Amino acid sequence: MRNAVKKLYIALIFLFLYAPIATLMVLSFNASKTRAKWGGFTFKWYAQLVHNDDILRALGNTLLIALLSSVIATVIGTIACIAMNNMKKRTRTIMMGITNIPMLNADIVTGISLMLLFISFGFRFGLGTILLSHITFNIPYVILSVMPRMKQLNPSIYEAALDLGATPVAAFFRVVFPDLMPGILSGFLMAFTMSLDDFIITHFTKGAGVDTLSTKIYTEVRKGIKPEMYALSTIIFAAVLALLLLVNAAPEKREKN
Amino acid sequence: MSKELIHLNNISKSFDGQMVLDELNLTIHENEFVTLLGPSGCGKTTTLRILGGFATPDTGSVVFDGQDITKLPPNLRPLNTVFQKYALFTHMNIAENIAFGLKIRKKSKDYIADKIRYALKLVNLEGYENRMPDSLSGGQQQRIAIARAIVNEPRVLLLDEPLGALDLKLRQEMQYELIRMKNELGITFVYVTHDQEEALTMSDTIVVMNQGYIQQIGSPESIYNEPENAFVADFIGDSNIISATMIEDKLVSILGTRFACVDTGFGHNKPVDVVIRPEDVELVAPTEGILTGVVSHLIFKGVHYEMEVMAGGFEWLVHSTALHPVGEKVGIRVDPYNIQIMNKPESEDEEAVAVDI
Amino acid sequence: MTSKRKWLSAPYTLWSLVFIIIPLCMIFYYGLTDKTGAFTLENITAIATAEHARALRLSILLSLISTLICFLLAYPLAMILANMKVSQHSFIILIFILPMWMNFLLRTLAWQTLLEKSGVINSILTFLHLPNINIINTPYAIILGMVYNFLPFMVLPLYNALSKIDENVVNAARDLGADNLHTFFRIILPLSVPGIISGISMVFVPALTTFVISSLLGGSKILLIGNVIDQEFTQASNWHLGSGLSIVLMLFIILNMIASAVFDKEGEGSML
């Protein structure tokens, strides 16, 4: 009985979280152009998506920025973790405090602060400024997922590698790095996801004429969202879901985080 | 022996299809120090959890002082537990930790204050009331965990490997402390450990378990001197376990040589196992021994020398204060009283284990 | 060796200086000056004007309500999840992060479709002979949007904090005589405080400062403080006023940061 109540509760929460997603998926097959009416089942939005250059360009920008920003953030963040691990406690606390600023600060404040920076120093608004901004808010995600693994790391394994004749660099890449890998990977994925989903910071740091999917959708809100957008989102979501199921179904035992 | 307090009747328990306890029966007496001893996975912790109320047996019943408490939740049981790794409440100070159970029972402030003082005195940590658990050493946290349990005046204290996380010196010290506390409190202790030395030092009664079955119940002396099967012999201390044949009462053939013994009732020409403790093997001049052999290994162990002697095709483990260098020819003799005859194992759980844990 | 390692911190130190510290200083610079560059507090005191004060009050009210709802919804959920002993800790996190792969704006917009007069939810309610709800373009819809978007940020820290509680600590409380209620209020709740604080700040700050949810679900009439600031920057181009109002917002954020620093020293309540 109590178990049934618990399961029902979980089910309701998931219904709440996933209902809008299901709605969007349904809308992507809706022949009617307005989302208020069901006009029958169609694949035409998927077909038209291929010819919608605007959306495809926004998609390209989104993916490019997500990929570049998460890769760069992962590199900088991981190096920062290694550096911070060797710092004095005080310095490390200060660095972690600074790391927490973009996490705890409001996106709107981060967005306008970067916008003011770019204006004041004469940056040309465009993909470059979006990229810099995304790297900035992605680094904390990487640090926060790598740092705990770093702390768990047994310092002796690095020394053991040196003792067995490895150079410091080799010792790091052959012994320490593989141990950090799960943290690095989850940091990267987190950063990629956050970049992909970001609207607010992009909104303040993009230039005219340059759009990511988020900003494109925002400008379309008043005119009405093009159904191709639903089709594209459905494809992205389905692809990620399929990928996750594949990874989870893989027989190898994956380490708990 | 004093009055019977707890009965575990036909307790079975399995997890995910894996049998952990199989038809276990055990009686615990009032004021007894009982130790459940065995390797990890033998079911000793599960037995303790069933006593504490943290696990429900699949079948069987737990009877406490004539009352069936099988289904009684832990908060209503007249027993208290000292958990592995202490499980202190990290958000409360020491006094609050100790007072926890008393506050729930709505005891008066004065009573609680008295009890805290008494308990801290008992565990030798007076003046620690306002410290936080995190600021204490492992041994101190352990004492607080005991104090927290005993202020509730349980009739039985359950202890789940309480000394496991402490270093050797502290462990030995705490063993004496525990015996002292038990005598002072006059209550029953049920103690779980995989450490045979702890079990032998503290217990009135040892329950040796393996693979969900009780192998032997007895006093430390009887468990050590008269193991009932190869598992017990092997798990408790070092031993020579040798396949042998019981020719008749009081006469056994070991490695083809006849030895006098004191056991009776095993029948005629019946295959048995014999256990001979290494300190019971006497090394004498080759002519005076029942068997002769050659010393093959020698290690100095501090109190004694540990030697291996190849004799009759068997490598005998021998402890002796007298030194016999490697290569020396020696005779082996065993006092009849020191030959313990056991039936051959009837199941896997009664067999000797390869590695002591 | 050690000196070489010190250089490793250079890229990130430089990066955070240029892209975190200096930009924040820029906000203070703009917020505390007027168009001529002279020092002024006007941009900050502008919060007291009727229009801005109303927006701030509404923002605080709505974000407090949604934080409370998130907490009430998330705590039982986190407890259930933590007790399920799912071997794959990351799987739980994944389920809550997965929706982010569908664009945040689209997901929020989908609530329009669900909430409309003749939308999905009302159709179901009609079918069940229940009264319809008409909350689209009202503050209620904004609260719903906030709860929907930020619930995962409440669930994950709570789940993390709760699953870190040693099972034996809970058992010890029961062993010492505590019933379910006692165990919850005396042990589980206090031990999950880091997660609670972290969850609250993870929900409260974005809810307080959002301008997207209000403009998507609140119609164009309801202005939150986020909408006001957004307009100053993107439409009125009054960066000084926008920055001044942001400084006011940051006061709340800093309070939040202090609270999390005090209650969550070990980072136990972190999301990941």
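Note that the chains take the letters A, B and C in the order they are written out, and that residue 1 is the start of every chain.
Going forward, a contact is a pair of C-beta atoms (placed from the backbone, for glycine too) under 8 Å apart; a residue touches a chain by one contact, two chains touch by 3 or more.
Just so it is clear, the model here is predicted, and its values are computed rather than measured.
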Chain connectivity with chain C absent, coordinates unchanged: A | B
Dominant interface by contact count, named by its two chains: A-C
Centre-of-Cα separation between chain C and chain A, whole angstrom: 17
Separation of chain B from chain C, taking each centre as the mean of its C-alpha atoms, in whole Å: 54
In the complex, chain C residues that touch chain A: 1-2, 5-6, 8-13, 15-16, 18-24, 26-27, 30, 73, 76-77, 80-81, 87-91, 93-114, 116, 118-120, 148, 151-152, 201, 205-206, 208-212, 215-216, 226, 229-230, 233-234, 239, 242-243, 246, 249-250, 253, 256-257, 260-261, 270-272
Residues of chain C that touch chain B when the two form their complex: 166, 168-169, 171-179, 182, 186-187, 190-191, 193
Touching residues on chain A, where the partner in the complex is chain C: 6, 9-10, 13-14, 16-21, 23-24, 27, 35-36, 76-77, 79-80, 82-84, 86-87, 95, 97-102, 104-110, 112-117, 119-120, 132-133, 135-136, 139, 141, 144-145, 148, 168, 186, 190, 193-194, 196-197, 199-200, 203-204, 213-214, 217-218, 221, 225, 229-230, 233, 236-237, 240-241, 244, 248, 254, 256-257
Partner chain C, residues of chain B touching it in the complex: 52-54, 73-77, 79-81, 83-85, 87-91, 100-101, 104-105, 148-149, 152
